[in-house]
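Per-chain residue numbering starts at 1, and chain names A, B, C, D, E and F are given in the order in which the chains are listed.
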Amino acid sequence: MRRTVFMSEMSWIEYRERVATEGAVVLLPVGALEQHGPHLPLGTDAILATEMARRAAERLDGVVAPPLTYGYKSQPRTGGGNHFCGTTSLDGGTLTATVHDLIREFARHGARRIAVIDGHYENQMFLTEGIDLAIRDARAVGPAGLRVLKMRYCETIRPETLARIFPHGFPGLDLEHAGVLETALMLHLFPDRVDMGQVPNDPPAAPPPYDVYPTDTSWIPPTGVLSPAKTATAEIGRLLADECVELVVRSLEAAFPSSGALAPGRRAASAPAVATRPPHT
Amino acid sequence: MRRTVFMSEMSWIEYRERVATEGAVVLLPVGALEQHGPHLPLGTDAILATEMARRAAERLDGVVAPPLTYGYKSQPRTGGGNHFCGTTSLDGGTLTATVHDLIREFARHGARRIAVIDGHYENQMFLTEGIDLAIRDARAVGPAGLRVLKMRYCETIRPETLARIFPHGFPGLDLEHAGVLETALMLHLFPDRVDMGQVPNDPPAAPPPYDVYPTDTSWIPPTGVLSPAKTATAEIGRLLADECVELVVRSLEAAFPSSGALAPGRRAASAPAVATRPPHT
Amino acid sequence: MRRTVFMSEMSWIEYRERVATEGAVVLLPVGALEQHGPHLPLGTDAILATEMARRAAERLDGVVAPPLTYGYKSQPRTGGGNHFCGTTSLDGGTLTATVHDLIREFARHGARRIAVIDGHYENQMFLTEGIDLAIRDARAVGPAGLRVLKMRYCETIRPETLARIFPHGFPGLDLEHAGVLETALMLHLFPDRVDMGQVPNDPPAAPPPYDVYPTDTSWIPPTGVLSPAKTATAEIGRLLADECVELVVRSLEAAFPSSGALAPGRRAASAPAVATRPPHT
Amino acid sequence: MRRTVFMSEMSWIEYRERVATEGAVVLLPVGALEQHGPHLPLGTDAILATEMARRAAERLDGVVAPPLTYGYKSQPRTGGGNHFCGTTSLDGGTLTATVHDLIREFARHGARRIAVIDGHYENQMFLTEGIDLAIRDARAVGPAGLRVLKMRYCETIRPETLARIFPHGFPGLDLEHAGVLETALMLHLFPDRVDMGQVPNDPPAAPPPYDVYPTDTSWIPPTGVLSPAKTATAEIGRLLADECVELVVRSLEAAFPSSGALAPGRRAASAPAVATRPPHT
Amino acid sequence: MRRTVFMSEMSWIEYRERVATEGAVVLLPVGALEQHGPHLPLGTDAILATEMARRAAERLDGVVAPPLTYGYKSQPRTGGGNHFCGTTSLDGGTLTATVHDLIREFARHGARRIAVIDGHYENQMFLTEGIDLAIRDARAVGPAGLRVLKMRYCETIRPETLARIFPHGFPGLDLEHAGVLETALMLHLFPDRVDMGQVPNDPPAAPPPYDVYPTDTSWIPPTGVLSPAKTATAEIGRLLADECVELVVRSLEAAFPSSGALAPGRRAASAPAVATRPPHT
Amino acid sequence: MRRTVFMSEMSWIEYRERVATEGAVVLLPVGALEQHGPHLPLGTDAILATEMARRAAERLDGVVAPPLTYGYKSQPRTGGGNHFCGTTSLDGGTLTATVHDLIREFARHGARRIAVIDGHYENQMFLTEGIDLAIRDARAVGPAGLRVLKMRYCETIRPETLARIFPHGFPGLDLEHAGVLETALMLHLFPDRVDMGQVPNDPPAAPPPYDVYPTDTSWIPPTGVLSPAKTATAEIGRLLADECVELVVRSLEAAFPSSGALAPGRRAASAPAVATRPPHT
């Protein structure tokens, strides 16, 4: 079998060697199946989170578990709302239970360093709860030493990067749904999954400072794009991808300092960071 | 964007056209992340279920939703048991809730014909429960006309096929975990994910007619392979893949008889059934 | 009070003596309340599972806990489907929680050897999940040494027995719902609960190799009998009952090898294996 | 098959005739598996609730569903506490879910008049919650007209009866656990299940006006008997049984006034109220 | 900051000093938001439970956690029923989970003596279940020594007190909903929250000895008052308040005997038991 | 009884008049019991959310339901983390279930306009989920027209206000836990609940851009204050309080436009917006 960072492609013998023996970090990407306008695919969040996790894993000798491709319900002010056709979401308790179960299992395998890499804003607190419940178990009955990191792959973007990407001012991360950032990342990483001819001309959404349920659909452009994406380029995507991967790698190194297996470059020679096709899931 | 049957690769506009307007079947593959011996990858069940769903969808103009890549706990007599490193399972309630949530969402999108295609035996009853809860909701409050099919892609294999594959007698589907059938399918479909040099020489497992918890690991070969896989070939895999896809296609045609969108071949010209790489998930 | 194997008929003092002091196996029969055609009672599954458990308990000095008389939803291909009037089922999570709770309690009493004896196919995985959750607790916080066996009382039937019962070929265990096997067992054990004059003449059901929800009732004979039962006799029932009890006894002896209390015959003198009336539940 | 009021002994055809066509009340007895001192069996609560339900059903042409034989956790001040060996209890949520599921099913069968007859004090509020959830569903999505009665079979006892039974004053229903009332009922109804020689001489328990968890076992006589039972006689039991059955019958007649099927005596000729053996469950 | 027994008014530093260092009892008042006739506020149960807890805490140097102001569903025979406008109730599982969570948290803080002081009859068993689940956790994984008391603040009232209050006979605690007792307590403690001019003239409710769902509203006076309250006076309220507080204080002293911090009067000098305004919640 | 906006202080007759007849908005404040440094009380979040809701309700003739005083687990980067003594949190599912239950009840009362006013950042998504589940029910089975607003009372603060408060730059809302904003609000509204002498001199926390579980306590100042609060004044508090109340009022007017009952000032004459003491809860 080809060498791989993807757990689903390894035999259990290889996984055991990597995780139980060598102490590799297990990275769990989490996305969503959610409208991303007419120009990006429904799976964008999982595709990007998986690719960021893959790149970080290549550099840190980590293992990437199968992504959670269904996430929590899209909210109007950050993802357009869950009323869109195609947006396919889990109840909060389901997502929490899934994360709880998976951390329990990875810990049973011997993993003590687990990183949940999120690509969908609305998932955050349900991931937190799933992790907290797993850590509560671990505190009560073990295993000792279990440590879980959680972050968004683009948790922060440097001001100078934003200034380069948005010379006329950054509309804010909340509205960056199917906007310049995600479009640029997809153009750089999976260009055949983007249709720039479909990018709408809508002005940015201007939702009020509160939520209303059921969703007031008049707040949201009918295309589902919350901020203009026309200026996205593959070059911007490259810039962002590098910065995001760097952020993930540095975060993992800082959070899991004690382990030799995390030393960057240790297996770099045999694991070139070539782009892969997006997963179908 | 390339034409695709994979929902995660479509824009929401395209998905809406296919499902809400044309009435396409939504296929949900379900697998597991489970040891499959030293020669097959952990993701085998999801990989195969997804590929069978893809092929059926190509023939029937269906849409393949992202697979559920984590399944219910492996049982000793059918999958070696859940004590293996790498086998990563959900609690039953979590799997049930996931299926319940997803069917609710597909139905909200307008889907009235949903097919759950399973590749992992132990999932069966939890899928049934998730479907039953969703159908109960639908009966109470709609939508009317929702219909869900559930099957294993290899629910039956014709005796003549089994006779060709197992000239010395079929050990039974229960023991066909990482055995000739799955190995042959992977050799045919994703040969670079199989390492035939690692196929163990163990005799078939001979578990007693009951289960014991915690698992009595002495019942199970340490490799996790429940029946010999040495005789698997890509040619057997081709035979099986064709029969399984045929079974899925005919089942969907029988279960969802009323719809023109299911007419086989309608879009066949533009959607050649070429093999794809396995999903990473 | 009369000597009894039934826990509900013992005082707590007697139960404590048997289970906590002598280490008796606790057997938990599980059935269902489910249509069994016009000739068998709704309670057939619990009645038979309880009787098999009783006989095994007589031979092994075990204790039979009150049966679970409500089971998981009948499925079309194995029990006719849950749409029948009279079929009264629990959600999967309810059955799982019940088993989880009961094992926790038996273990608190001091039981370390518990056998779940099932008489209803659809229960299997929810019993497994309940047991698994209880074992997970036990692994985390004790008690040490807890061991739970799970089986169907007719998990296997010897080919020579089947050949005697079905000289024209065995239709398969899936279709044996209210068919020859259950009818014969009831004729042998509780003849006043069978009305052979009501056995229908329907041919065996021929369901397709998939499930559809809501149930397609055209698959199922309106009587609910999935295979012809006309040839059932009390003599066949005797043959089967003996084989099933033998299977249960041998399984318990094999699964719980270490305990003197399981030595067959130890209390046989004082506990003659007379047939009892079926429980009302 | 013999004529019976027990649902588990009927064929589904007979049950359908009784419930869906004739509108019979479905009675669900609920008990507990709980220590009842050294002289009464663990199953006392379910045995008595089932017998009271049977007698009421004989008079009202009702149907008795299989009893719930496991109840909510025994409390120190009303049942001695859940720390006793043999006392085998469900979590509150499990009992609630069971009742919710069963009412949903009986209503699906066509039952519109359901009576939950309780024999274990601690069950009360969890039965209430299960009923409330089922009624909430019914209010939202039907069936219309569903009505559920809930009572303890000894919800009230007439002062003149108490005066006859307790010439020296009634210690209170809370302490009547394995005391005179239950012992007398069992002596009358199932004398071979009582061992009067084992009745302890303990004075009545005198618990404080609060609960403490974990249970303070010093409050409770080690035998588990909360008030003296020596004066129990079969004659007292007859008196009580008659009064309790009368109470249940009158309550059902009052709560379900509209139905001819409830007219007392309609089938009395063919259903003599002979005592039956206690169910094994 | 003013000295206070209310946890919500303390800084975490002060709370830590009181609970973790000095071992103070944490009192959790529980009420309900429930109709109390036209003359008492919806929050009566929480207001009274909180005030009783406050007074006991003043005497015992305890800490009063924020009350649970929403309780379990009002029942017709004890609170008029949950169909009233304004009565705002939780599902049983929600109340149980809340209590479970809070005890876990107080125990994490170092509290080993927790008292749940209830003011709403229908809460009782769901509080019991929440406590039991927390104690089960504590038994399994700690902390050791955790002890939880549960009581109603008026769990018992002395016969001589009742005789003084009800010279013509006590109608029973069940009917004391918005009757003399609660009205008198409110007149004494929070007179500006009572409108005696609105007390209805209805005779006492006379519900039958069973429950029916949905509620039969003909049983209940339309005002929601189950027994006449006209004779309530502030003087009766003073009598009752003193007796109830005494009961709570003596119960806590008896249940938690070992601790010096509970010595009555230790901080009495600095914490005069002056009446406070009712909490808004 | 005094006129009040607090539901717990109204009789059910008055509440019914306000909500069912006049269509008043029901405001549900949500807080947390969470460390707020040595200078602010544990109940700060609920105290402030309740006061903002009260003021908005005075202006809009709304009704303020009892606040939820226990919230979701404090997170290190926004509240210091849940490891602090005194921080007392619910599991996410418990908070979600509570909100789901309460909205169901308010809607049953006739409320069609409900506003959830949050004062604790970590609650947000669990409130969203509770609201979503209630709205899902309402969509399925009614009531029609139910609309729920959710906001933080300080969801936005105007840049000119921030510039006045933080002349040297705003550290960001995430770090504003027990910092200038909350301290100033408390100084203005409930000065006797603040101890400015205890405000620590710690520099602002500088947590990394990810979370780690269990919490890395080295990130957080031991006092629990995430940013300096020394410069807080009552005057800043007045400025903020006015802006926050204005924001809440305008949001409710915008979200619930159709109702006369929301006309500002309609009852202003009889309901002066005087400050109240903080609730004890």
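Following the convention adopted for this analysis, a contact is a pair of C-beta atoms (placed from the backbone, for glycine too) under 8 Å apart; a residue touches a chain by one contact, two chains touch by 3 or more.
What you see is a predicted model; the values in this text were computed from it and never measured.
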item: Minimum number of chain-to-chain contact steps, chain E to chain F; value: 1
item: Longest centre-to-centre distance from chain E, chain (CA-based); value: B
item: Cα-centroid distance, chain B relative to chain D, in whole angstrom; value: 48
item: Chain centre separation in whole Å, for chain D relative to chain A (CA means); value: 56
item: Where chain A touches two or more other chains, by residue; value: 91, 93, 140-141
item: Pairwise chain contacts under the document criterion; value: A-B, A-C, A-E, A-F, B-C, B-D, B-F, C-D, C-E, D-E, D-F, E-F
item: Residue ranges of chain D touching chain C (in the complex, touch as defined); value: 1-2, 6-13, 15-16, 19-20, 33, 35-43, 46-47, 50, 64-67, 69-70, 84-91, 93-94, 97-98, 101-102, 105-106, 109-110, 192-195, 198, 224, 276-281
item: Sites on chain B touched by chain F in the complex; value: 137, 140-142
item: List of chain D residues in touch with chain E within their complex; value: 72-73, 75, 82, 91-93, 96, 122, 124-126, 128-129, 131-133, 135, 139, 147-151, 155-156, 208-214, 216, 247, 251, 254-255
